[in-house]
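Letters A, B, C and D mark the chains as written, and numbering starts fresh at 1 in each.
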Amino acid sequence: MKPEGKKRIWAEYQKEIPDDHFFYVRSCIRQTFFAGSEQYFLKILREDLGKDVYEDPRHTTCTGIGYHGDVVPFETIQTVVARHFALATEAGYRHIAISCVTSFGIYSEILETWKHFPETLERTREDLYKATGRTFEVPETISHTSDIIYKFREEIARKAKYNLVDAATGKPLKVVEHIGCHYSKMFPKYGVGGAEFPHVLVGMVESWGGDIIDYPERRHCCGFGFRQYLVQANRGYSLFASRKKFESMEPYRPDMIIANCPGCTMFMDRWQYTIKEIDGITYGAEGHGIPVLTYEEVAGLVLGYDPWELGLQYHNVQSLPLLRKMGIKADPERRFLDRDGSRLPEPANLIDG
Amino acid sequence: MMSATGANKFGFAINRSRMIDYDSSDRKVREYITSREPSFRLCFACGGCTATCTAGQHTSFNLRRMNTYIRRGEIEPLREEVTRCMLCGKCLLVCPRGVNTRNVVAVAAEAIRKLERNEL
Amino acid sequence: MNSDLFVIPFNLGLYFILIYSVVRSVAWFRSLSRPDKLRLQRGFFGRPFMDSLREIFMESLLHRKIFRKNPVLGYMHMSLAFGWFLLIVFGTIEADFFGEKHLNPPSHAIFFRWFNPEHGAEGLARIYNVWMDFLLAFILSGLLLAVIKRFTPRMMGMKKTTRHTWTDRLALTSLWLIFPSRLLAESFTCGAHGSGSFLTGNLGSALASFLPAAEIAPWFWWLYSISLGTFFFMLPISRYFHIPVELFLIFMRNSGITTGDRHSSYTEVQTHACSSCGVCISVCQMSYAAGINDIQSAYFIKGLRNDRDISAITANCLMCGRCEEVCPVGIELGPMRLIERRQGERADRTLSLPERYSVMRKRSVTEKVPTQSYGYLVREEPEKAEVLFFAGCMTHLTPSVIAAMKRIMESAGVKYRFMDEKGGVCCGRPLMLAGRDREARELINHNSDIIWKSGAKILVTSCPICYKVFRESYYLEATVMHHSEFINLLIEEGSLRLGYLHRKVVYHDPCELGRGSGIYEEPRAVISYVAELLEASQERSMSLCCGGSLGNLTLASGKKAMIAADAARILTMSSPDELITACPLCKKTFVQATKTKVSDIAELVAAALPAPSKRVARRRSARATVRANDAG
Amino acid sequence: MKTVPKHVLVAGGGVAGMEAAGALAEMGYRVTLVEKGDDPGGHLLQWHALFPDRRPADEVRSYLRKRAGHHNINIITRTTVEKVRHHPGGVRVILSGGTEEEADAVIVATGFDLFDAHRKEEYGYGIYDNVITSVDLEAMFNRGRLEKADGTVPSRIGLIHCVGSRDEKVNNNHCSKVCCVTAVKQAIEIRQMLPSCEVFCFYMDMRMYGPYYEELYRESQEVHNVNFIRGKVSEASVNINNRLVIKVEDTLAGRPLKMELDIMVLMVGMEMAESGAKLAEASGFRQGINRFLESGDHHYGNNLSGIKGVFYAGTCTAPMNITDTISHARAAVAETVRYLKA
């Protein structure tokens, strides 16, 4: 592998990521399954980096799941997204920060459509106005929230309490990065580093001391695939895709997987349990699973936040060995205790990571 | 393939790969055929044999595809495929590359038999 | 006398071979099938026995067949076989008549001169001596030819000669030494005692003039005895075993035993009866036209005899039948090869015997599962027809032949159904040629069902390959006719009105039609009716194979083309306007090999048809059908 | 009566330019050959052996060198032709650096650029150690050593056809014509050099259009046991053993296929030369949808630019092999001479 070859590609795919003043749109999946991630993204940006992030409680789902599930037409989703833009316009924000990769893909698709077919933009303005009486400005930039963490990765590194290294040996952790398909495969120029060799997570991991694994099925889909997942009988395809990835990364003995898409994080985490149930196979060391973390969680760990506050215990694959390796002292007994000492609900089917 | 618990619990099983994994495929049959019928290499997949095939009028027997499978080391689909040919030899007269097609089938069947007896 | 010890090698060899022959014969007889045993028993007390004796005399001693093919080669074989036979007979008479006793052990006859060194000085004995010397000279002249043949086969009119194993070489050496050593032994003895006739006497006195003949003579008597003994010992494991076995074969054949379709003691006897004479090699087109010199019947048989892995040899044969036609021993080479093909692969020679046994046992289980299976074929319900026309797979690649047949039948008013108009099921012959009889049976049953249901009286086919299998392996009510026969029938009954084409044509007998099915005259009658038929240098039973044969599984296309080119060249030597064949496969093969126009006999006949007139055709139809019924 | 010989400027010192210059010089014309590189010779300089007979490229190189060495030819190197303009007295030529030349006629022979394999990002050229181009492979043949980046001997090599050709994703819908036969030639050379190395060609169509090309293809299968898989490789990656893993659909089996390779060779295609495109833009030459120069007539005016006194030769008009390039250059000379004599 020639690192300069990748740098060459990364240099070609540099997108504009604004410095401040973000209009934040949440992700259905991330806020439900990885609530700590969104909470800590805001906390890191506002408190650790001192940025202005605006969030409007009136913003809704982008309807991407319905769109990819063939129940929401393109005109409808354009109008829903236009409403978000209207909220941003009304609040005086021109930079959208999107938590969900599916949403990010939809925003990219809509912006590209408006660029190449201006009449669709006009039609959307009309539809939005008729439906809500709102008007909007097309935003200056859209960023996925991983883009923003990527932009401030060095700053985070400077404030780091822990690094992605084995605290005992000083060796870098081996990290698998997984990029959501809709982040840049459709429009390479919208992603940091393009579609073939995206840099967005690689940049974070390397800045925080970890080593990236380039394994053969790196580009492969996590297995989410809306249509595959939504129909129960088709979930075998989804599961098969995930297994293909795990089998491909297994020989490298990764310490963790980092993903920028909430759907990917969820499926790569949950399917490890399902595969174990069906085939009795796990892919991590010593019969354990491989922890799958969001980049917000990883950034939170690096900055020294409490893993249980970040919500790592609510992943199927638990991360105690990873935390121990990083030298983070986390009391397993406190995993499911609330701040006031009362017991939190404990999920079933956890597997060791 | 899948445990009963898995199927009952989730209502679906893990799909099987359709991918030909050349590195884990079995090329013994190919080598056996190529060494006994070197003209086998010459096929360029025009499909003439399949178009004229007597057995192909009655079944899905496809010599062109069978050749491809042999080359890739895909033995499973071969087992049944070889039994369908009538060895009539029409394909021989059609082949533009002079592949001894009839013997390819005969040798392939022989190879499969040997494979089943672990003699390959 | 101490020096008499030299007879021991001879005696050991002789008794060994006699006992061996008896034991082997009994073993063969016992392993014969019940009907064949009965045949042999009946034959022993009937005409077959006398016929066999005559044949043994004509073929095994005089070598009449070889004589006819090649007089020099015939003389060689005759001098050795018949000469030796006479030498033994007259030697025995000599010993019994002139010896001390009148019943002697064989060694006394063989080494008569040693025991009676002074014999033959006068009277009858003197004349008898001349006769014995003449016989020896007769054999030696054949031996000389044999030596020449071994080193320069071409001088004997042989293109190729067989290659030898070490046992063959040892046996051959001992055989070659027998007569020269006898000559020298007798000569030295005669020289020492002043006896002997024109050969032994003269040579003896010449040798004795400068050599101590009395001291040297025993050495050559030893050599003579050892040569004979060695030859007898080597006999069962060398090619010369054919000499005694052939006698057994002749007797079996005359008793009505045939090869059949599986290994038996008859195939084993045939295997051992092959003299490796090499005539099969000379006529093999694979050899002289395609340069393949290791698969001919002689090698095939030798491989069988020596239990080698001959699967490659077995498969690589055109099955044209030319070798069988010329085999002087009359071995059924085609059926023998088919049996071997049916056998499938033999066990790996590199395995130890117990391993081989376990492999074969494992196989016998798996082999029961057919390698091919045609369960996908759907039973058909054909329409009724008087005449059923089956073009055959190959004929579908020569649509002009089908078109010609349609025109001919329509012109003759034949009511026929075209059985495989939309493509049929293979007749099964190609599978049989590949040794897959069980699978072929599936196809045969499928096609038979259709033919029976159609109620046809005549089944006409355009393909000799189909024709042969229809005739031999189908059980049908319908009369099977090749289209040349059928056209001949139509001409004979007058339902075809044909013009005369002013063309000179040559006819090629397809293997499966001619040698395979004995149809030589009908095609010639048809051709002569419409055109001028030229003679080909090799035709009828010695017709050449076109090279495209389905009998050969492994022959490369380039080699096939070489055979086709050579056959086409010979066939077109008389510069005919057209080369006529009666097989679609031969036609396809020859078209690539010659610039001469190649046509099927049906196309030739169709060309001689007048322009179609519907009314005439209709009027004739009734008559033709009636005739067709009669024929059925 | 002696006349001053007319002056023809040839833009581009590759195969077409050298042949055209040589032919004109032989006829007594004064020729200026302008070459952007250090030496004339073009892409041929990088080649080891030529299809279909695998003769050494040096034989053709020395023929062309001899041709361009004629005393009537003045070679200017490290210079490009920026613009040509016809005027009543002839053709004004502006060279890089601003110098101007006056000529009676100009032959444009600016040739082609090889497709930059970096642009097919999914193949990882420049990233994975053992992804090379057909040109890199020729360099290995020139060195007489065929090895992986780590110096070990490869046991399986894949040649990927149509890299940068017939591919809308890189804006090239045209076929580069010569890559198929080049791949077959190189596959044979690999097999001869390393008999134990498996060779696979991944093709979309085998376009064996020239004399003896099909025969070479057959030979590669029959004699050299080169394997052919019909399908376009979609992506490459490396596994833990640093072996390349490629994904392709075996379209004849109708199934996706995965295979490990030691070396992946990208058969890079031909594109309109950047320098030629600039010249075309500045001088008002028409470019076709494939961006190559569009001639006056596809069938019988293949060398005509549509501008008086300016003619096209060689691969600036379309991808071609050396044989066709030389023929095309000679035809350009014929057209030029006809023009000059009129």
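We take it that a contact is a pair of C-beta atoms (placed from the backbone, for glycine too) under 8 Å apart; a residue touches a chain by one contact, two chains touch by 3 or more.
Predicted, not measured: the structure shown is a model, and the values here were computed from it.
Engineer: Return the chains shared as contacts by subunit A and subunit D, ordered by label.
Structural biologist: B
Engineer: Identify the chain whose mean C-alpha position lies nearest to the mean of all protein C-alpha atoms shown.
Structural biologist: B
Engineer: When contacts are scored as defined above, which chain pair ends up with more C-beta pairs, B-C or A-B?
Structural biologist: B-C is joined by more C-beta pairs in contact.
Engineer: Considering only mean CA positions as chain centres, point out the chain farthest from subunit A.
Structural biologist: Between subunit A and every other chain, the largest centroid distance is to C.
Engineer: State, to the nearest whole Å, the distance from the C-alpha centre of subunit B to the C-alpha centre of subunit D.
Structural biologist: It comes to 40 Å between the two C-alpha centres.
Engineer: When the C-alpha atoms of subunit A and subunit B are each averaged to a single point, how far apart are the two points in Å?
Structural biologist: Between these chains, centre-to-centre, one finds 45 Å.
Engineer: Averaged over CA atoms, how far is the centre of subunit A from the centre of subunit C? Could you give it in whole Å?
Structural biologist: 83
Engineer: Okay, what are all the chain pairs that touch?
Structural biologist: Those chain pairs which touch are A-B, A-D, B-C, B-D.
Engineer: How about subunit D: which of its residues touch subunit A in the complex?
Structural biologist: My answer: residues 118, 121-122, 124-129, 235, 237-240, 242, 245.
Engineer: Spell out the part of subunit B that touches subunit A in their complex, as residue ranges.
Structural biologist: Within the complex, subunit B touches subunit A at residues 2-3, 5-7, 9-17.
Engineer: For a test of understanding, state which residues of subunit A touch subunit D in their complex under the given definition.
Structural biologist: Residues in contact with subunit D: 1-2, 4-6, 8-9, 194-197, 214-219, 248, 251-252.
Engineer: Mind pulling up the subunit B residues that touch subunit D in the complex?
Structural biologist: It comes out as residues 18-23, 34, 38, 41-42, 44-45, 64-65, 68-69, 71-72, 74, 97.
Engineer: If we count contacts the way the header does, which residues on subunit C are in touch with subunit B in the complex?
Structural biologist: 315, 344-345, 348, 359, 362-363, 366, 370-374, 376-378, 393-394, 396-397, 422-426, 428, 430-431, 434, 436, 443, 548, 550, 553-558, 585, 588
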